[in-house]
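Below, chain A partners chain B and then partners chain C, in two separate complexes.
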Partner chain A sequence: MSTGIRVASLEDIPEGEGIAVAKDVTGTADDIALLRDYDGSVWALDDTCTHETASLADGWVEGGYVECPLHSSKFCLKSGEVQGLPATKSTCPHRVEIRDGEVYLFPNEAP
Partner chain B sequence: MTRNVDVSGLVDTAGGLLDRAIFTDDRIYRQELRRVFAPSWLFLAHTDQFHKPGDFFTTYMGEDPVIVTMDKHRRIRAYLNSCRHRGARVCRADFGATRNFTCTYHGWSYDLEGKLVSIPNRDGYPESFKAGDWGLVEVPHVDSYHGLVFGTWNPQPVSLRESLGDMAWYMDAMLDHDPEGTAVVGGVHKWVLEGNWKLAAEQFATDWYHVNMSHASALMLLSPIGKGPKDEIVHRTGRQYVDPNGHGAGFPVHPKNRFDARTVHQWMDYDALRARLGDARVEGPLTNGHATVFPNFSYLPVNGSIRIWHPKGPDRMEVWAWTIVDKSMPPEVREAQRLYNLRTFGPSGIFEQDDGENWSEVQAVSNGFITNGVPLNYQMGMGSEREDGRFPGTTSELYSDAAGRSFYARWRELMNTPAWHEGGDR
Partner chain C sequence: MRRAVVVRRIVVVGGGIAGVGTVAALRAGGFDGDLTLVDAGEFPYDRPPLSKDFLKGDKDIKDIALQPQQWYDDQAVRLASLTTVTALRPDVGGVELSDGTTLPADRVVLATGGHAARPPIPGVASPLVHVLRTAEDADRLRSALTLGARVLVVGAGLIGAEVASTALDLGCDVVLVDPVHPPLAHAVGADVATWLHDLHTRWGIRTVHAGLESLVDRGAEVEAPGIGVFDVVVLGVGMAPDTALARAAGLDVDRGVLVDERQVTSTPAVLAVGDSARLRDGTRTEHWEAAQHDGQRAAATILGLPAPTTTAPWFWTDRHNLHVEVVGDMAAADVTVIRGSFDTPPFAVFGLRDGRVVGAVAVDDSTAVRAARRMIDRTLAVDPGRLADTAVDLRKLLRG
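Let's look at the complex of A and B:
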C-alpha cells in the first residue's frame, strides 16, 4: 500500500486558500489543487476548473466548498461534485492525509 | 460645432466676482469632466489600503469608475472599472481582495495587470479577435505622495510632485509628523450632498471666514462648561497659502497651537515636531486649519480627515472621507483621533453638518433665474497676497478669499484650454 507523496507542509497552505501541485509531481493528467478549509482540513481536487481555464488553487475555500476565482463555479471539496453554474461537470477528488504537520497526497485514490 | 463654453466672463478673479452658472450649468459641468478632471492629478486612495497583491479599492475619477489595486509586483495600479465587452463594472465591491476582476454580465475576466484572461465561449469569436487588444483601460499615471495615491488620465502630465509645488510643504505638516508615515483607521465614510463639488473644494481651500458664524454652536459646545467662547479663538490671526495651481490652505498661527483632542495633544511631542518640521509649521499648519489640493481633494490636519468631493452632476456631490493617523500612535491615541474626527467632521459631525447645510443652501437657490444672474463676492483680502518670508510661496491673511480666487483662476485656465483628448478642437 502506498504511503502517498509528501507534497507540502500544512503551514504552507493558509486557511481559506490553496496551492497547486504540478502534474509531473503527482503523475496525474492535471495539476492537483490542495485546498485548506477554515476547519483546518485539507482536500485535493483536479486543479483546472471544468468550465474555463482557471486554477482552483487560486479560488476561495470555505464551508466544504471551493469557488473558482474566475466565474464563481463551486465544487464540493470532498467529492469534487459541481454545485453551481457556469460549470456543469464535476472535478476529480484525491485522497489526502496529514501526518506530523506534513501533507501526503494519494493521486487518483478516492478520499 | 463647438461644445465648449468660454468661461472667461464667468470668473472675474481681478474683480473678485463669480457667476453662479458655474455651479448650475450642465454644459459647464460636462466640460469640467473633460477639461478639469480628466487632465488633473486626482486623489485615489491611501497606500495603507493595499498590503498584498489583489487588494483593491473602487472609486471615481470625476464620474469615471476606477479600480485601484496592487498587482503581483506590488505596484499600485488603476483601471477603468468598465468591461470592454458590454461596459458593466467588472468590480462591484467597495473594497476587498481578489485574484481577478470578473464581469458579472457575461463573465469576461481580467487579471491584476488588467489583461483579459478568460472569455466564456471563446471559440465563438473570429480569428481576428485578440484578447490582448481587450484588456482593461489603465490609468496611465499613478503616483503617491506620503501615502496619498493620485492618478491622472493625462498621458503627459507634469509630475505629481511638481504639480503640488509649495503645497507639499503644507501637506507635510499633516503627513510627515511621523517617520513611519500615516495609516488609515476604519473604513471610508460616504455621504451624498446637494451642492456643486466646487462649493466644498473652494471652502476647504480658502474659507476660515465662516468658522465663527457657521460653527458657533459647535464652538460653544467645545468651550469648557460654564465659560463662554474665548476671544482668542474667535479673533484668530493666521495665514492662507495661495497656490498658482489652485491649491489652498489656511491656518491660525500661534506659538501654542495644539491638537484639540486631549489624548492626541498629550501624545504629540511638540519639541520633536519642531525639530523635524520647523517652528513655522508647528505654529502654523500642523494642527488647526483647512486645505484643498486642486481640484477635489481636501484635508483637515486637526483630526486626520482626508476627503474627496466626487462630482455627481452640477448640483450633487458625494463626500468620501477617511481618517488617517500617525503610524506610531498607540491604539488609544488612534481611537481618540478617530472619535474626535467622527464627532466633529464625520457625516453627522457637529461641524460637518453646518458645512453641508451651507453648500446645499447655496445650491438650492442658485437655479432661480434672477438669483443665478447675481454674481457672488470673492473680494476679501484683495491685494493682500505677498511672500512673508516665513511660509513658503504666496500667502494672504487667515480671513481671505485669495486662495479661492486662485482656485477659480486655475479652474478657468483649464476650462478654456483644450485637453490632450481634443486633438486641437476648441
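Let's look at the complex of A and C:
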C-alpha cells in the first residue's frame, strides 16, 4: 500500500488558499492543487480548471468549494463536482492525508 | 376564490446563458414537467469567447457550447434548435413556432437577448462593416482579420476593446475610435478607465478621440473621413434588446421587456430574463452572470421557491493579456483606495462610500475582487489603510 507523496507542510498552505504541485512530482496528467478550507481540512483537485486554463490553486477556497479565479465556476473540494457554469465538466479529486503537520498526496486515489 | 395554477409545461425562448440558466435552475429546483428550450441556433453556445479565443481561432463552436448535448437529455430538456418562436399567445397558453406548430405552455420565459446595434450613419451597410453578437458574426469577422489588415474598431467599450486587442494579436493594424474619453469611466472609475484605454496605445493601437459620423464605401475598402482608410470596420457600439415578441403580445416594453423583481412581465404567465429584460425603474444589465442570475430568479418564481440570495453584480473582460474584473458599483463610491500599483499589475481599486466597499475593479487580481464582493454583500466597515496595504491578507480582513 502506498504511503503517499509528501508534498508540503500544512503551514505552507494558508487557510482559504491553495498551492499547486507540479505534475512531474505527482506523476499525474495535470498539476494538482492542494486547497485548504477554513475548517483546517486540505483537499486535492486537478489544478487546471475544466473551463479554460485557470489554476484552481489561485482560487478562492471557502465552505467546501473552490471558486475559479477567472470566471468563478465552483468545484466541490471533496468530489471535484462542478457546481455551475461556465465550466461544465467536473474535475478529478485526489486523496490527501495530514500526518504530523505534513501533507501527503495519493494521486488518483479517491478521497 | 383564486385557484393555484399547476405549472406543467414551460417554454423558454432563447438559448443564451439566461435561457440555459433558467432551464438548469428549473430542474435543480425540482420541476419535473415538460420543459422546452427553443433557440434559433444549432445549439446554445457561450458569447464571451466570441470576442476573445473564439475570434482568435483558438476555440471552435463545439468548445464554446454552453452545455454538452448529453446534458439536455440528462435533464429531460427538449431542445428545439434551429427554431424560432414567432409569436407569444398568452391568451391560448402557448407560443407559435417557425415550423408552424403551436407549443402549449403554462409559463413562458423570454430569454431572447439582443442584437448588435448599427448606428444610422452613411456607409454603415457596406459588407466591410462588421458587428459582433453571434458565432456567425465572429466567423465572418475572423476571416477578415488577416495579417496586416487595416482595421477600424468603432467604440472602445467592453466588446470594442476586446476586438481591438484580438485583432492586434492576429497581426492587424488597428485603430480604435470613441467619442468618450476615457471609455468605461462609469463602470471602472476614471483612473482605471484611463489606464485601461492607454494600454491600447502602449500595445501599438492608434486611439482616436472622436465621434464617427460617416463611412464612405469604396468597394474594396472603407474610408472613415478624418481617420483613415480601412479593410475592415467593426462596430462595438452596444446592443439592442430583442423585444419584438413581447411588444407584439402587448407586454410592457421600454428599453427592454419590463419585469418586476421576480422577473415577471406585465403578463403574469410570461417572465423575462437576461439582456432582453429590464427591471421596471432599473437599468438593463448586459453581463453574463447577471443573465444567469435572472434565470435562477425566474425559476424560483415559477416554482414558488424563495428567491436566491442577491449578490453584488460582477463581470470580467480581457484585453492585452490582462484579466479585468469589476464588482459592485464603482459609480456609487465617494472615495477610492488603490491596492498595488498601476505600473505593475496585479492591482485593484476599491470604491468606498461611508466607510464601506461599494465597488471594486481588479486587474489580474481575482482575490481582491472576490474579497470585495463579500465585503459589499456583508456591508462590512473596512479600514481603507488596511485595504490599500498589500501586506494585509484580504481574506483575513474579511474574517475580522
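Just so it is clear, the second predicted complex is superposed on the first by the 111 of 111 C-alpha atoms of A that agree within 3 Å, B and C clash if a C-alpha of one lies under 4 Å from a C-alpha of the other, contacts with A are read in each partner's own complex, and residues count from 1 in each chain.
The rule is short, and it goes like this: contacts are C-beta pairs under 8 Å (C-beta built on N, C-alpha and C of every residue); 3 or more make two chains touch, one makes a residue touch a chain.
Keep in mind it's a predicted model, so treat the numbers as computed, not measured.
Placing chain B and chain C on a common chain A by superposition gives a clash between them.
Residue contacts after overlaying the shared chain place A:Leu85 against chain C, while chain B stays out of touching range. Touch counts on chain A: comparing chain C and chain B, the chain ahead is C.
In the superposed pair of complexes, A:Glu109 makes contact with neither chain B nor chain C. In the superposed pair of complexes, A:Asp12 makes contact with neither chain B nor chain C.
In the superposition on chain A, contact is made by A:Asp58 with both chain B and chain C. Once the two complexes are overlaid on the shared chain, A:Pro69 sits against chain B and chain C alike.
Among 8-16, 26-34, 98-106 or 152-160, the region of chain B with C-alpha atoms clashing against chain C is 98-106.
On chain A, the surface patch touched by chain B in one complex and by chain C in the other comprises residues 52, 58-59, 69-72, 86.
Only residues 98-100, 102, 107, 109, 117-118, 120 of chain B touch chain A when the two sit together in their complex.
Against chain C, the residues of chain A that register as touching in their complex are 14-17, 38, 52, 58-60, 67, 69-72, 84-86, 88. Of all residues in chain A, only 51-54, 58-59, 69-72, 86 touch chain B in the complex they form. Remark: chain C residues 17, 20-21, 24, 46, 48, 53, 65-68, 71, 288-289, 292, 314, 316, 323, 366-367, 370, 393, 395, 399 touch chain A in the complex.
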